[in-house]
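What follows is chain A paired twice: with chain B in the first complex and chain C in the second.
Our next item is the complex of A and B:
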């Protein structure tokens, strides 16, 4: 399949990219691993693509006291290979390694994945679970939104048509923090049919049990501490929180949640 | 305009931005080792190496490759590790129809260099992005295991674009400098000096000529006269033992016109000589390297014997048809014409055979000879 005609502009920096996104027919592109198939299938027919992979600030890692900012155009493979400083105790590489396939990870980017907002995408699930926020640049300047507010639904975000994601801000996690991520894939590398992540960070008093790959924005289950401490039944929590899922998908989701919780207990990385 | 390198060669892309890299490589550059399957990033057949990493070329747009370093399987022809992987695929029956094979090889190379300790489960996980329609995964996995067992294998160079760690420097253009192309031969000094001929197919032939050796040598000792005796060959200029020329041949439906340069040397005393050259055919994007050593010896006063050893190596799409049995057939037919012509030339006559070899029939004959089910003397049924 060949894509419909489009123009391509290679932006040298983020501000230039934003300038080229004026008009409703333009779309930013990074690794083109999600947009490319849609272009080739002609599901998407933008008139102009603005390539942001050469923007210096989108290829940078900025280490701050409390957070690490990851440039949006850093690739999954760069996370997988441990080429970047990790804000967490080694959780990012195993997440990255399970994204699609190596050839995809070599080009696909964290910012592109989050801006594309496929509900089953690993970064959408895990960055929400890890309490990340999204740094955005538009004609009016920069702004930042927590992941939970950034992703508004399946393939939809709070990003304006002339805005780009420049970085992901990830809070640092200490050695006492625990994390697990569990996903169901019918085949290695396929999009998940159900996924769950669990964060327990007593130092920051942050606890989260997240249901993702549910064909809409991830949902944080209520009373995560009770789930983490075994005082609540994950199946009941999933039943109550996700009534819109089909019985089959709900069953998968309940199992994914139980397994993610179990993995947190044993400390075995999911 | 987008500038990048393909297999070490600088290229400029000026086509439509929607052209994906695989189409550019196949259609504009004739690099057909890259296969296209699904064309939407699912099957992995089009996997090639960009900036040292395997990527899918059907969802990589050529216009977005500014400054990139692209390597297709053609560039791995002489890579020892890839040669080992190819041999392992052959040993373990790692391919059937061959459609997925280029992508499998690119991925296998990545596994062999990046994951020296991969066990079977990990190999299968890493291969999950490459689909084999023949479902021949057992052989592919076995081949990769065999290669890994001989490791560790050296990792290729680090990717060209390292992330910048530290504070972001806003506004600084990050376009990487285009990778330098492999330096070509300097014009003049090295012109015509052939690269060493490795992996050549060698044919030895001896022809008897019913003419005195001295008369034949008068033709053989002049490269222009030799070319005139070889249908399809043309010499444009000869300078300091270096000849520029072309050779046109038809192979079935394919036509190839190799243009190139040959280094010619003679030992008149011993009546021996050597022609070594290389050339390329723009049409089929194939290239050939060859070397002919020959010796003439008298066989009584009125006859002589010409022995020659012909080494050649074809690369590119033509090589797929240029199986040794077929090429040997072509060479024998050419030598037949050459023998007739050289005898005519030595007598001062016009060449007996002037048309380039009509090879279609020869190919068919050769195919019948090598295909199974051939019946000696029988009619094809």
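Our next item is the complex of A and C:
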């Protein structure tokens, strides 16, 4: 299990990284926690890897009045350790803490996870749930897409082959906002078999109940306020919104949604 | 001077720990030699095919080797002498037929592994794809494709045992029939296999350094396959990072590396990667049972009837053969129970999968699962608490030694006492009350028990009966006192996690009084150690321990004679202990005794034994039918009906390993085994699709229990001495891995019973629990 031959370029900044991605055969890489195994199994065989972890702007945190921008090459461990300012009332570290294993978190990055778009990935679910958007740099310049438009399917995004994710923009959440994230894993550190997140932010009038780890992009359930306020049955909502899942996966998803909603109610972090 | 006891029974800290914990061990992967080449294998992408040709990459004929190059090399053959056994030959490289995915077809040699893999990728295969036998239950179908020429059906061996069945089962009040299945697993030691081979020109020897449990057996196999004299082969096991049975076989890769070293006259190395281990090599455990239990209304187990199939894969693995597992099922299924009737038929079937290999517990883990789930069903059937039903049918302490229905001789112990101690720790009435109340979070509580005995250190009479290529005889050890009063022990077994460097030193201390820190264990090298079948079958502490004690006793007599001269005392009046020989009026240190023999022979007495301070002795147990350790495992689980998840809330073990040479080491062995058993129970599974493709080819799919999945497991020890071993010790190495699937399976079924649901297969995945609940609902 050794990778096929490839060249490696260590990009000094984001613009240089984008320039090196112009060939057909180039791919950006950050923590290499998803791409690395694919290379070693020879399932991915790029001729050139462009390492973006040395780009200063991808390692930066920018605090704005309404949002915080997180550089794409910040690691899960940096979120877990509270080394970064949190746009939320302390929700990010518990999410990061439960991503895979510490060795993976030491190297894996938030931007890499989102760009890889594994449907069961924690950042894919939670950044969609938290209403984040993705800053992208390409040969035509910078652009920004909401998570819900960025992730287009399983392992599929709106990112062009010559573009990179530079940052994740996360709206600030006040103390009255509530959040829960519940996932089901066979064992600690494995990818989720089902997950759900719930956001209730009255100050911004933003409510969301999201079903994730469903082998495609996360799905926001309709009428989230009715679900959050207990006026609608989460099982029925899941049945209606996720007809493509097998009955077994749908039942598991209903459990995830119910438990995420219950965790929001009790305030117990899930 | 107050020296803490360091002999048999003392929890001495492991002498090997410093080396391992500080990363100073030397494993196959740590070995680099000048001019060494790396080897990658081109492996079959399909399960069953005719091999019409192999196209080497252009210009790489001297780097890529196929079966056509291996002139004079014989395939690996492990026949059993049991009547009706069908023989298979496992080719070192597939020649004209491929019988499982990832079977080696070509060996590619290059300066780096990546380049060797490039060569493998560029090598072409011309295949004539054949239908695959992927399911052991269909392997015997009349229209199933046959794996081996000349066979009438895909069966290595059909075996059976019957005693008193018709009479004992005739008047049963209750008869329950169930089908159970254990999934195929892959043994996953921290270190996979690895081989370095080179030619030692000075010694005129092929040297094969290999991550093995049995260097001497590997040498036998290499000599047979390569057709060269044993004296021209040296096999060395370096530090070995766990084995569990996976390193108790001869690998085709070992033969191939030996051939390459001889051919190229350069060092070659192959380090197995996880994909090779998972998807091509380390298969084990896949059993199916159709079992019927018969009981009386007052709770007596009357009889058991069973048909069992073991998926043996494509080849008979060397040296244990393809039938050891299934044939054992027929002899050990009755477990620790008394019964008057037993009938069992088993089939070792051939399929297009890698050969099944003996994994810690071998057949016992599956047998225990089938038998113990049946015991619970029978108990429920007659309305009795499963623990009580067991109590009424276990062999009791007063019946020991006991010859059971399949003529196994249980040497000692009190199985009922083990059950009672487990129950006392569990507080079953409180758990039943809690179960009746229900859990606040909606999960379902279940309690499960498993109890079993484990035959260890079984010897000549048992294995000569199997007629396999390897029969253990006298186990030997060499004890040699050094001039400074230290001790070298040489044994042919191999320590790969068993702590033998410590425990054998403790035994030497017990006999000679030598400080364990001054004992050097030499093992894992055919050039330096007496012949041994190696480390398997929970045999080392009994057999190598007994051999070390016997050699040390001989040495003690000789040392006492020398000491007697120095002390002017009768040697019989001298006692060895705390590093010295003490007579009625004074003492000399072992160092002084050593010094006299080696440095000052002029001071030796007349008539001293010229054999000196070095002795090789052989040892057998009083009776070679094995020690029987036993254990009772209890599991309390919480089953989540929303997800199917099983949480182990409490797990306990009462264990009787006879006299414990080092209780701390035994705890480690039992814990490690139990966590592997939890893997069998809840996580590990290697499924194959209908084309014979393995589906869990990385650790992302093949789930192993990790630290977070390992509960804290209290172990209560009983120490009933074995009457057949030197110190009363019993083999304990496999025990932990046997009980968990049964205890956890019974606990899950106890939780599911209220819903009319039950599981019948391990691992107990969330999907299987949800499916069982759905079946229960429909019923």
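Assume the second predicted complex is superposed on the first by the 270 of 270 C-alpha atoms of A that agree within 3 Å, B and C clash if a C-alpha of one lies under 4 Å from a C-alpha of the other, contacts with A are read in each partner's own complex, and residues count from 1 in each chain.
Definition applied: contacts are C-beta pairs under 8 Å (C-beta built on N, C-alpha and C of every residue); 3 or more make two chains touch, one makes a residue touch a chain.
Note that the structure is a prediction, hence the values are computed from the model and not measured.
K.L.:
Mind checking the superposed model to see whether chain B and chain C fit together on chain A or clash?
P.N.:
After superposition on chain A, which the two structures share, chain B runs into chain C.
K.L.:
Should A:15 be classified as contacting the first partner (chain B), the second (chain C), both, or neither?
P.N.:
Touch status of A:15: first partner only.
K.L.:
Is A:88 touching anything from chain B or chain C once the two structures are fitted on A? First, second, both or neither.
P.N.:
Once the two structures are laid over each other on A, A:88 reaches no partner at all.
K.L.:
With both complexes superposed on chain A, which partner does A:252 reach: first (chain B), second (chain C), both or neither?
P.N.:
Only chain C; A:252 stays clear of chain B.
K.L.:
What is the contact status of A:4 with respect to chain B (first) and chain C (second): first, second, both, or neither?
P.N.:
both
K.L.:
Using the touch definition from the top, say if A:74 reaches chain B (first), chain C (second), both or neither.
P.N.:
A:74 sits against chain B, while chain C stays out of touch.
K.L.:
Give one of first, second, both or neither to describe whether A:188 is in contact with chain B, with chain C, with both, or with none.
P.N.:
Both partners, chain B and chain C.
K.L.:
In the superposed model, does chain B or chain C contact more residues of chain A?
P.N.:
B
K.L.:
Between chain B and chain C, whom does A:61 touch in the aligned arrangement: first, second, both, or neither?
P.N.:
A:61 sits against chain B, while chain C stays out of touch.
K.L.:
Have a look at where A:107 lands relative to chain B and chain C in the superposition and call it first, second, both or neither.
P.N.:
After superposing on A, A:107 lies in contact with chain B but is clear of chain C.
K.L.:
Name the contact category of A:41: first (chain B only), second (chain C only), both, or neither.
P.N.:
both
K.L.:
For chain A, give the residues common to its interface with chain B and its interface with chain C.
P.N.:
The overlap between the chain B and chain C interfaces on chain A comprises residues 1-5, 37, 41, 187-189.
K.L.:
What does chain B use to touch chain A in their complex?
P.N.:
Its residues touching chain A are 16-18, 20, 23, 39-42, 44, 47, 50, 53-56, 58-61, 63-64, 66, 107, 110, 124-126, 128-130, 161-175.
K.L.:
In the complex of these two chains, what residues of chain A are touching chain B?
P.N.:
1-8, 10, 12-15, 29, 32-33, 36-37, 39-41, 49, 51, 53-57, 59-63, 69, 71, 74, 77-78, 83-85, 100-104, 106-107, 167, 187-189
K.L.:
Okay, in this complex, where on chain A does chain C touch?
P.N.:
Answer in residue numbers: 1-5, 37, 41-42, 184, 186-191, 193, 248, 251-252, 255, 258-259.
K.L.:
Within the complex, which stretch of chain C touches chain A?
P.N.:
Interface residues on the chain C side: 112-114, 117-118, 121, 273-275, 642-645, 683, 698, 700, 703, 705-706, 708-709, 765-767, 770-771.
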